[in-house]
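First chain written, first letter: the chains are A, B, C, D, E and F, and each begins at residue 1.
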Amino acid sequence: MKTNRFWKWALAVATMAVVTGSAFAQAPSATSNTAPAVAAIAAPPVAAPAAAPAAPTPPTAKDVNSGDNAWVLISSALVLLMTVPALAFFYGGLVRRKNVLSVLMQCFILACVISIQWVLFGYSLAFGPDIKHLIGNLDWAFLKNVSIDTPHWDAVTASSYAGTIPHQSFMIFQMMFAVITPGLIIGSFAERMKFSAFLVFAILWATIVYDPVAHWVWGKNGFLGLMGALDFAGGTVVHINAGIAGLVTALVLGKRIGYPDRMSPPHNLPFAVLGAALLWVGWFGFNAGSALSAGGLATSAFVVTHVATAAAGLTWALMDWIFNKRPTLLGVISGAVGGLVAITPASGFVNVMGAIGIGVGAGILPWIFVSIIKPKLGYDDALDAFGVHGVGGTWGAIATGLWATKTINSAGADGLFYGNPAQLLIQLKAVGVTIVYSLVVSFILLKIVDLVMGLRAEPQAEKIGLDLTDHRETGYTVLD
Amino acid sequence: MKTNRFWKWALAVATMAVVTGSAFAQAPSATSNTAPAVAAIAAPPVAAPAAAPAAPTPPTAKDVNSGDNAWVLISSALVLLMTVPALAFFYGGLVRRKNVLSVLMQCFILACVISIQWVLFGYSLAFGPDIKHLIGNLDWAFLKNVSIDTPHWDAVTASSYAGTIPHQSFMIFQMMFAVITPGLIIGSFAERMKFSAFLVFAILWATIVYDPVAHWVWGKNGFLGLMGALDFAGGTVVHINAGIAGLVTALVLGKRIGYPDRMSPPHNLPFAVLGAALLWVGWFGFNAGSALSAGGLATSAFVVTHVATAAAGLTWALMDWIFNKRPTLLGVISGAVGGLVAITPASGFVNVMGAIGIGVGAGILPWIFVSIIKPKLGYDDALDAFGVHGVGGTWGAIATGLWATKTINSAGADGLFYGNPAQLLIQLKAVGVTIVYSLVVSFILLKIVDLVMGLRAEPQAEKIGLDLTDHRETGYTVLD
Amino acid sequence: MKTNRFWKWALAVATMAVVTGSAFAQAPSATSNTAPAVAAIAAPPVAAPAAAPAAPTPPTAKDVNSGDNAWVLISSALVLLMTVPALAFFYGGLVRRKNVLSVLMQCFILACVISIQWVLFGYSLAFGPDIKHLIGNLDWAFLKNVSIDTPHWDAVTASSYAGTIPHQSFMIFQMMFAVITPGLIIGSFAERMKFSAFLVFAILWATIVYDPVAHWVWGKNGFLGLMGALDFAGGTVVHINAGIAGLVTALVLGKRIGYPDRMSPPHNLPFAVLGAALLWVGWFGFNAGSALSAGGLATSAFVVTHVATAAAGLTWALMDWIFNKRPTLLGVISGAVGGLVAITPASGFVNVMGAIGIGVGAGILPWIFVSIIKPKLGYDDALDAFGVHGVGGTWGAIATGLWATKTINSAGADGLFYGNPAQLLIQLKAVGVTIVYSLVVSFILLKIVDLVMGLRAEPQAEKIGLDLTDHRETGYTVLD
Amino acid sequence: MKYIIAIIQPDRLEEVMQRLEEKEIHLVTVTNVMGRGRQKGIAEVYRSHREAGTLLKKVKLEIAINDAYLKPALDAIIQGGRTGQVGDGKIFVMNLDECIRIRTGETGGPAIG
Amino acid sequence: MKYIIAIIQPDRLEEVMQRLEEKEIHLVTVTNVMGRGRQKGIAEVYRSHREAGTLLKKVKLEIAINDAYLKPALDAIIQGGRTGQVGDGKIFVMNLDECIRIRTGETGGPAIG
Amino acid sequence: MKYIIAIIQPDRLEEVMQRLEEKEIHLVTVTNVMGRGRQKGIAEVYRSHREAGTLLKKVKLEIAINDAYLKPALDAIIQGGRTGQVGDGKIFVMNLDECIRIRTGETGGPAIG
């Protein structure tokens, strides 16, 4: 017993020593003084996300625009807000009382563990110097070469991820995306996955699925980006990706005991509303923040995000009203989230009327999927992560190919409705690639984790509830 | 049965087709390239809300100041936060358990439906080119001529609503005001109004009451603005307007069954506290965002907003302590909200000591109204929308005429305490006009809706609770 | 009876009259036109918190940078969010059902009362012109000489608190710190302190403990600041200070009835999670806002704050997993808060790897304290205000002396790991001074308040719960 | 001595309590319960999924009483609880063997009131 | 007439209700309760502080019933509620003196169903 | 066999449970209830509106027990629950006809413990 205790402590202390040591060792190389000393007169800040090729001078600290940086920092905070508490409460309110903490825990631990993964190597894999258009190399691991006070500069393409904010601002903004994406998947496997298996799967998935896909679409020289795929804030990278992974997880894990007839309704619908409302607010950081500056593009992304969401929430309510006799609150918030999802890839490329079109579609398509198709197919996508994010994200990525217009963003492209059917094809290709990759790799990862440690909670644990069995806690006291 | 189904689907598909079609049709005209091509060297950004007449050059995209735009965008997000989740939870926590969702639903659907109304025609009615000082015309319907990257410019008055942010930033900021104002009314008719009637009433009210009043006070050439009425962030337009409408609704609908003796206390006071706290935070966007720039005026509005709120919360607590023996939490949050309401019209015109005066008044006057006058009069203003917003807003509008000083805002005016009694008179006139208009038109609208579809829920539905009868949902599960 | 009533009213009216009168009287002197009329061409905005001595020209309104000001204003809002609702819900969820409102009330009333204290005299004591390196004088009482549109300028040191934002922006940002610090102490004496005694103690403590300590560290010419102590956002001023006061309060008040064996678990753990998540989001304002500008330093502080929090949350989870068999949600959020606390003083001085080191330590040290040391010592620090804030803050202040590096902030210093052991000593001195002062003065204040009015609630009130006995309210209804 | 258990509609609670009061029956214990009876519940719908919703919210009253008060108590509950619609509930009466007041240790009839 | 009180596992509720339904026993009242029995609870841990956790969530059914239905009701509860593991719970049967339907005032056997 | 129903103050629950334990009475079912008794509630005040507040939070214990254990059980509840102040609550004892353990199907005395 004593020895056992000893080893535990040794482990803890050793962990700390290693991290502390490595922290010290790495420290000097992680500083910011890597900016070229060239006394170049900086070019004026460029609002468009991809800097024009006519400005090939590497940026310096003087290029940092305080308004743009303030906007990206607050946007980063808003995107964190989307994971904790927003997504946590949106999902947490919808599960049964006995599993509320398990969902909150999953969201919270992701905010911890993926953030560390990101600074250690995730960011470098996703956005670091390109290897064969497929993945970033490890030059930026431990945030080496990621400056705190000068904007990023890519010598190969003579362009910057964001020319008016410090490189680390871009890094932290993107980190929040990496955190929330595996969080979305939780909705599919809620109430039945073992916590340990979840944690291992999430880390693997973030590294092997998220980071490469992000590189393909957003990384300098990633192949989907080069192909011309438009994804302003993450329709493919975030929502389709997570939605498909959710579908696979739901299928691999199987149904919850008692599904579909003996499930209780959402244990705390106001919590879900709180989550949805905060998602809406936070999503302005997600979409308008993706302008990476606080000019007209941010304004436009902000406006279309809001309008599409409103249209989708209203549409879902009307669908409920028409087909189920009553508009429901769960319907309105589901629609709103669907609208947010769908407008995401389009938010920097469409105008307000496009936003309404996308929003209406996002109220109808997920509704059909969740209400009609899912019950027929009979798998258990517990909180409809696939139904909302997968379907909504796919609709949004395609709709971007319909309504995109260069009058909104000259760095973008025109879509079908503006005379360019080719863009629709490109969008479809990007969607297809993402679906196939996420589907196959998620499946393989799940199978591996299942083999090694088992994915699913014991039936007894599932009945008692994961809060108590996995975490030894209960959400609410009964007696006072 | 089959045919019935068919028609439902046809309706849904048709809706989508129409919107999609119109979206496409309208698209080209909704772009931003309507800014005059005149290659004018832009004037330096002006911090004051109304640009000085000495700068008559129409603004261009170069005038957009990233700091100002970041501030207005985040302020817009904060004002959305005020409706969902803040107001929803403030009100939702105060009603009985069986009606919590009905309140959340009303707030959420407003965020959807009024946003759409606003981009379709509401914004144009309120802020579009003036018709006879009474209303805007429809030139800006569908956001035609509302640029995403250049500031607004009004040729008639040679001035701008906001000279350093894109026109659409101003539009979306104002949209959030249009959303929350009908939301405030919910407090008066909570727990007894039919959802369908509410929805129709809200849309009508937003169009026929809110949009004109906003035009009178804030629209270029609106008659109350021309008259010199000071309303920085919406004392008349938002709070008196909504408060009076609330009073009328409470009277027209009649009391809840069992009022006043057999009502349960707030079912979840922590939710109300959550809502009040987020209202406080969000209100910085409401008031300081109304500076439409991030300079000294925003700072001043931020400071006085906070101080008045603190003073009012404390004062209500003391009133409770003195007259009811114990300070109450519901009292503190009611006082704080009252303080936020009262400082709203004054927030760009008064200094810190004025803020304390306004705050103390906002802790006393609504307290007297809610504690003493309302019980005597006996009508059922369920959550005191009139008692807090109507009374607090009126006090604030008048107090602006007392404490306003040009040392804070040279574009404003001096009030009575600074030697200008005329301003008090102007404020009283503006208050009077708003009260009369809101009272009369709200009454007529309610009567029309009542005739057409009935305003009030069935007694049986009221007893069972609107969550179940209007939405087929319950807020919380009991078993499990 | 009638006379009694009369006097109450007289009291209320008199209060209002006095405040209103004084408001008017003070008004002219509280305006902003105190900026020197010298038509100096302003120096370009300086990003570093302490302006370089090479720029001795007092700033003018033109120096205000809208991006910096937007960032500090939104940061101020975020820090308010940390007190209400974040801290209120973090603590409120952890107490028993019958005391939830008492905790929310304490947080809310602090937001009211300390804000008033701050504008009346607190700000002047803490940041006003220095008296013997110990305290500010009263020149800035009632915000006299605190401009709304020009930055602060200190002629003695020829430097500014913040050279690119209006002085009142700095004032309101600091106000939020003054509000939350006494709020943190609540965690120690929760569930047993009389509300009236709490209120008196909080006001005294803010004035006699917080304001001087803030002056020593952050005030121009405060002696700890002069000594070279590094405390970017409040490790000593806020967390050690509050943590020690909490320990003293817990000891002076004694244990709750039934502690430790018959206490119920947290009545609403999701509320605590909501609070912790919002603390995390708000803390970006706290730490990155302390850069007082939106440049690279803000970015760096934002990044290290996030990373340290993630590391600490994860570490606590692992400690639980190793020693208690299961990772717990309460553990993760406690760890995250501990990480936020520990990185606070270091956030403007360390790089990402330093942040990981600090975070890991913040997951281990408070864990040991709360899990092993506290139960052995046996005092009742109800919600571990000392265990988390005191211990975490001390670790953070010391760790700043280890990992600080001038490559991050040239206005800072190097720490032990960067070859400067002297800094560690300075940090230890600053920690020691704060601990001793807070301990002694908090003890004296508590004893005085106890003598005058009694600190502790009646045993009967404690059993029934403070919500009902102190505030005549209950958090939740039981019957519907 | 009798032990009365009554299941009533939640919104009739106040009324029943008042009627009992009028008959000088002051002591009662109240519990939240869910009931399945003849009254059809309103089916709830979540994302188009209908929940049967057979269990409805009810309130349970428990009253221990001396035999002399039985009739007035039943009358009070019936008067206060009746709306005439399905779902009004039931009253059950059982025999009570013993009653003890914890505070004083009194037993039987005197302890009950 | 009999009054049945049954304490069962929360997740057996649906099953028991269905079995009762099959035996035409439609009327039942359900309450959330906490029980201490032979079943050991899972100890909760908050900041390393173990809570004994002896009280477990259970569900209580109450059914008033005519004697003829007693046996079927007991069978239904046993069949629906049994998992064979400790914690399955208990059924208690008491004598019911009177039953009144509030809506109609009916009493005795006819009022019960 | 007897069926004991006891209404006690919420904060006496732990104490009562412990006393029962000492007398080897381990099995008990606990419910949150609201009670109206002689104890005057504290009137709640919401925006200056006083709520009568006649219903106070109480805890209900239910214990089925063999006759031999009746006296010890009552003693334990009285000792653990008594504070001497109004509001301490009541104990009711009824006759229990039958008891069945769902897990095993055992009945009567052996099933009860």
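Assume a contact is a pair of C-beta atoms (placed from the backbone, for glycine too) under 8 Å apart; a residue touches a chain by one contact, two chains touch by 3 or more.
Given the structure is predicted, the values throughout are model-derived calculations rather than measurements.
Note on connectivity: the fewest steps through touching chains from chain C to chain D is 1. Among the remaining chains, those touching chain C as well as chain E are A, B, D, F. With centres set at the average Cα position, the gap from chain D to chain E is 18 Å. Note on chain placement: the centre of chain C and the centre of chain F lie 46 Å apart, centres being C-alpha means. Mean C-alpha position of chain A lies 32 Å from that of chain B. Residues of chain F found to touch two or more other chains are 30-32, 34, 44-46, 55, 57, 94-95. Taken residue by residue, chain B touches two or more other chains at 65-68, 70, 74, 265-266, 268, 274, 294, 323-324, 326, 328, 330, 472-474, 478-480, whereas all remaining positions touch fewer.
The touch graph of these protein chains is complete, with an edge between every pair of chains.
For chain B in complex with chain D, the touching residues are 258, 262, 463-464, 468-469, 472-474, 478-479. Of all residues in chain D, those touching chain B in their complex are 11, 14, 32, 34, 42-46, 55, 57.
Per the touch definition, chain F reaches chain E in the complex via residues 3, 17, 26-32, 62, 64, 94-103, 105, 111-112. Chain contact summary for the complex, chain C toward chain E: residues 260, 265-266, 320, 323-324, 326, 328, 330-331, 334, 367, 370-372, 375, 384. Chain contact summary for the complex, chain C toward chain D: residues 478-480.
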